[in-house]
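What follows is chain A paired twice: with chain B in the first complex and chain C in the second.
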Partner chain A sequence: MTFDSNAFLIIFTGALIAISCGFLGVFMMLRKMSMTGDAISHAVLPGIVIGFFVSGSQRSLEVIMGAGLLGILATLMIEGLRKKAKVQLDASIGITFTLLFAIGIILINLFAYKVDLDQECVLYGEIAYLPIDLWITKSGLTMGPRITWLAGLNFLFVSGFIYLLFKELILTSFDESFSSVIGINAKGINLALMSMVSYTTVSSFESVGAILVVALLVVPPATAFLWTKSLIPLLKLTSVLGILIAILGYYLAYWLDSSIAGMMVTVAGVFFFVSALIKGKRPSWLQGTYKAAKPFGI
Partner chain B sequence: MISQVENPVLEIHDLTVSYDQNPVLWNVDLSLPSGKLVGILGPNGAGKSTLIKSIMGLIPPTSGYVRIFDKPLNDVRARISYVPQRESVDWNFPASVLDVVMMGTYGKLGLFRRPGKKEKNLAMQCLEQVGMTGFVERQISELSGGQQQRVFIARALAQQADLYLMDEPFAGVDMATETAIFQLLKEMADSGKTVLVVHHDIHSAMNFFDWVIMLNLHLVASGPKELVITEDLLRKTYGGKLNLLTKVTDLIRNKDFNPLKS
Partner chain C sequence: MEDFVYFFTFQDPSITWVVLGITLLGIGSAYVGTFSFLDKKALLGDAISHAVLPGICLGFILAGEKNPVYIVTGAFLSGALATFLSSWLKKNTKLSEDTIIATILSVFFGIGIVMLTALQKSGNPEIAGLNSFIFGNAIGISETDLMIYGGLSLTIIIVLTLFLKEFRLMVFDPGYGKAIGFPMEAIRFLFNVLMILAVVIGIQAIGVVLMAALLITPGAAARFWTDRLNPLLILAASFSIISGILGTYISFVIPQMPTGPWVVVFLSLIALLSFMFSPKSGIIFRYFSRKKYLRKTHKDHLMKALYKAREENKEGLTIEEIYELYPYQKVQIDQSIKDLLQEGFITKNQTLVNLTSQGTSDAMRIVRLHRLWELYLNESMNIAPDHVHESAEQMEHLLTPELEAMLEKRLNFPTLDPHQETIPRENHDL
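Moving on to the complex of A and B:
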């Protein structure tokens, strides 16, 4: 087989997105907040529509900012419902993201005459069109596919974020009250992580879509956690899985003439179930928190 | 029976704490001297954990204030350390014993800086103090309850604080470990640190603590052990539940009776 530059670009972009999502997903999983990622990926829709409406373009900074703000709003709403209104975490996630997503759909319908944006594009995305969507500078220079640049930029931001705040992210994930006592702002770190998730979601929308972003946030970290119990190998294994998923997903989709993003997530799911079978024990997110028996107090 | 002291390490003034309008601590007013091993005693639900959580600002008080080293909490965070209840974290977290102990050094490091050789050496020293040097690389999910507790104490030691607040560090810990940890806490107190321990076993409390705080929603007593552990005050703290217990206490007091030896 000769070198196919289109195939390479699609796999390369897919891998970048899968690694960015996987890195963030590891910390979401350790915080038991994987489903908050799901909520954010849907809740950013109104932000995208408003950003689109304000700027008139699907690929403007306003769209990313709108989505980022809505992601933070969703996080705050989930926390607020849970702490102030005493709603269960899963219920407050369900309420928040369906409400925000519904508002997004109404906004799309209201602005439909002005906005070239449909739910399908947001929900499913299409990475196969990537090679024909080029970034051309004002002087007419062709810089290559726009989405690959977006994914690369996103990858740099996510890696930088995790590198710089590594110890804070670990500590606030492991023991939030201890981190507050020693003066590390757990709430601020949490919001920063959620903003990164919102930004990654938006930046990956066009290529893999909202539903599949969620899968990339949750499945590779959960798979890797079946194989290792230390953090650095966990991050490494998650990125290797991301690359494998992109390669296998592309070629299987090519072979079956089907959706690349869909196939990537199917491959991820297969990896997970094979790992779960091989490791032969219940995955850790089913075990719940270990509770030691306490002696009876008097 | 509440003894106030001059130049207190910790001063709690008229503290009331509530969860959803329901006060769980009423008008706690006390001060503590430095260099003492202090026990907080009381029945379940007496507000012992709530008291230390509000000292550290984890739960905002409804009224009253706390001053530590005669300063507000935010000015002295670096000098305070905390050992949370063992069950408050998920021990399946992917970290080694050394990783967790190093967390104690994060506060002094500040944002963006990574722990280096100095922090690692400090963490190793602290692990040695709690007798866990053999477990440095061990995953925390593979530790027993008593070992988890010792890791938490080592993490607090790594903070090199002056005031330590410990929430039930002896829950689910065997006798030998309990004695060893108490010995360590005593050494810390002797070197001038103040150690505040939530505890519910009255017998070991009599042996080990210098100063005792008795709590049952209200502050019942706070003072040197000899003055505070009396039947009257114990009864006030534990109410009717103490009947059996007082008998045992009396026996131990009067006859130097040791049930483990007879």
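Moving on to the complex of A and C:
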């Protein structure tokens, strides 16, 4: 097979996004907040639309800021509903993200004739158009695909964030009370993590779509968690999975002529279910005839 | 306004059909959703509603057109697969429940997107109708669709009503249900079937992503108004109907608007209003009752301090002395003094604060409760005398006259508390 630079760029970008999402996802999973990540990725939609409407372009700072703000708002709303209104956690997640997402869809339909923002594009993304969408500087220098730069920047931010706050993230994930006692602002760390998640969602929504970001946040860490229990191998395995998913997803999508992002998620799902089959408890008929001695057995 | 009259007088038979459909659907999903909300499994509905997408696409591929029977069957099967997988994963892996749900949801949705994109690229002209499953469009439902969806909703409602007792057991106390001989596994299975059905038929009107709201929000909102199951179900259903009709109205008036998001916005509005203004557990009510309680505790503490001063044969306390007793509470103390003066419990002479006779008897009651509780903890709970003060400090505001009488009886009308201080009953105890 000859070296296809477009294919390489798409796979490279996909892998960058998958790894950044996976890193954040590991911590979300350890905090039992995977569904909050799902909620955030839905809830950034109105922020994206408003930012888009204000600036008139998909690639502006306003979009990122709008989405970031909405992500934080969603986190605060979930917390608020749970603590102030005493709604149980699953319901407060459900109410928050459906409301914000509904508002986002309504805004898209309201502004549909003014802005060129396709709801399908926001939801599913299209990484295949990446090689055409180039970043050209004012002096006319072509710097390569814009989305790859965005994904790279995002990757740098996420790994920097995790590198700098590694100790704090671990402590707040595993023992929140202890971390508060030794003076770490657990709430602040939590909000910072959530803002990173919303920022990642925004910077990847053009390529993989707001909903499929969830899959990249949740599935690779969950798969890795089936194989290992310690944190560093968990992070390593997650990033390996991210790269594999990007490569296989691209070629399968190319072969079936379908959505690359969707195929990446499908591949991730296959990895997950195979791991679950291998590492899950065996059904009793596979375990042989050995049975533990029953207490007071007859 | 014309639109409003036209819509709500139901002159157009198709509007009648749509409203009837969305009403049945709203009742069905609100019923099922309320149960799953009480079961603390609200997000499973979200997972199922995302998970039906591959089934819808498969049904479309097999039928070659938007045939409701194929689509409902396909959606049902993939929803069932998702439910089965999530319970299998929960049993057989160490993953937490939210991770499992998020995984199932996103993987199934991803597969659905792959199939949808492949279908779109195949160039079948019927495909346009498939997109309405993602965001929902109640207005676009044909009459045959409505017959099927409405009929299924009716089935759900009837089954839930018939087996109300069984489902109640499943939600509140499955262990007890099993002990008295109900087949709890079969009941749970039936409930899962109903839930998947509710999701499948709701998706046409609301869309895949927002279906969760139709399941979760009505129950959560209604929960703020009542503690009983039957009123809860009725309230949830009516919230759902109201927002369903309003949402349909909006998408009738503004044709490019999808129905689903508006239904969700109205539902959430009802929910947020319930969270704020519910008379029993609303945020505003609880804020004020907490304030009232805090004010009462501050008053009680002040009276106690004044009573103790009397015990030490002092003629009341100066305001400065009170400030020193409770540091950093100047504002609250000033407020308490004002309140108590108004109620006639204390007198203020220049800066000297003292209890009136009415205040003395009330202060005596608080001190008595405090010391009785200390004694009770010490004698009946075997807690050391130096550990009982904190708890008594809280209980003195809460003990009712009935409890007081029980304590007195149980402790046989004691005279001294664990710290050898008098438990005051009559004025000469001072």
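Everything that follows uses one rule, which is that the second predicted complex is superposed on the first by the 281 of 298 C-alpha atoms of A that agree within 3 Å, B and C clash if a C-alpha of one lies under 4 Å from a C-alpha of the other, contacts with A are read in each partner's own complex, and residues count from 1 in each chain.
The definition used in the following text is that contacts are C-beta pairs under 8 Å (C-beta built on N, C-alpha and C of every residue); 3 or more make two chains touch, one makes a residue touch a chain.
As the structure is a computational prediction, the values presented were derived from the model and not from experiment.
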Legend entry - Partner chain in contact with A:I78 - chain B first, chain C second, else both or neither: neither
Inset, instruction - In the overlay, answer first, second, both or neither for which of chain B and chain C A:F225 touches. - result: both
Legend entry - Touched partner set for A:Q88, first chain B, second chain C, both or neither: second
Inset, instruction - Kindly classify A:L171 by the partners it touches after superposition: chain B alone (first), chain C alone (second), both, or neither? - result: first
Inset, instruction - Please work out whether A:I10 is in contact with chain B alone, chain C alone, both, or neither, and reply first, second, both or neither. - result: neither
Inset, instruction - Quick one: name whichever of chain B and chain C touches more residues of chain A. - result: C
Inset, instruction - Please work out whether A:V181 is in contact with chain B alone, chain C alone, both, or neither, and reply first, second, both or neither. - result: first
Legend entry - Partner chain(s) touched by A:L234 [first = chain B, second = chain C, both, neither]: first
Inset, instruction - Name the contact category of A:A151: first (chain B only), second (chain C only), both, or neither. - result: neither
Legend entry - Partner chain(s) touched by A:S34 [first = chain B, second = chain C, both, neither]: second
Legend entry - Overlap of chain C and chain B interfaces on chain A (superposed complexes): 32, 225
Inset, instruction - Can you check the complex and tell me which residues of chain A touch chain C? - result: 29, 32-35, 37-38, 42, 81, 84-88, 90-91, 93-95, 97-99, 101-103, 105-106, 109, 112, 119-120, 123-124, 209, 211-212, 214-215, 217-219, 221-222, 225-226, 253, 256-259, 261-266, 268-269, 272-273, 276, 279-281
Inset, instruction - Using the touch definition up top, name the residues of chain B that touch chain A in the complex. - result: 43-44, 53, 56-58, 74, 77-78, 80-82, 84, 86-96, 99-100, 103-104, 106-107, 109, 111-112, 114-115, 139, 141, 145, 155, 159, 171-172, 200, 202, 238, 241-242, 245
Inset, instruction - Spell out the part of chain C that touches chain A in their complex, as residue ranges. - result: 37, 40-43, 45-46, 85, 88-89, 91-96, 98-103, 105-118, 121, 131, 134-135, 209-210, 212-213, 215-217, 219-220, 256-258, 260-262, 264-265, 268, 271, 275, 281-283
Legend entry - Sites on chain A touched by chain B in the complex: 30, 32, 164-168, 170-171, 173-175, 177-184, 225, 228-231, 234, 284, 287, 289-295, 297-298
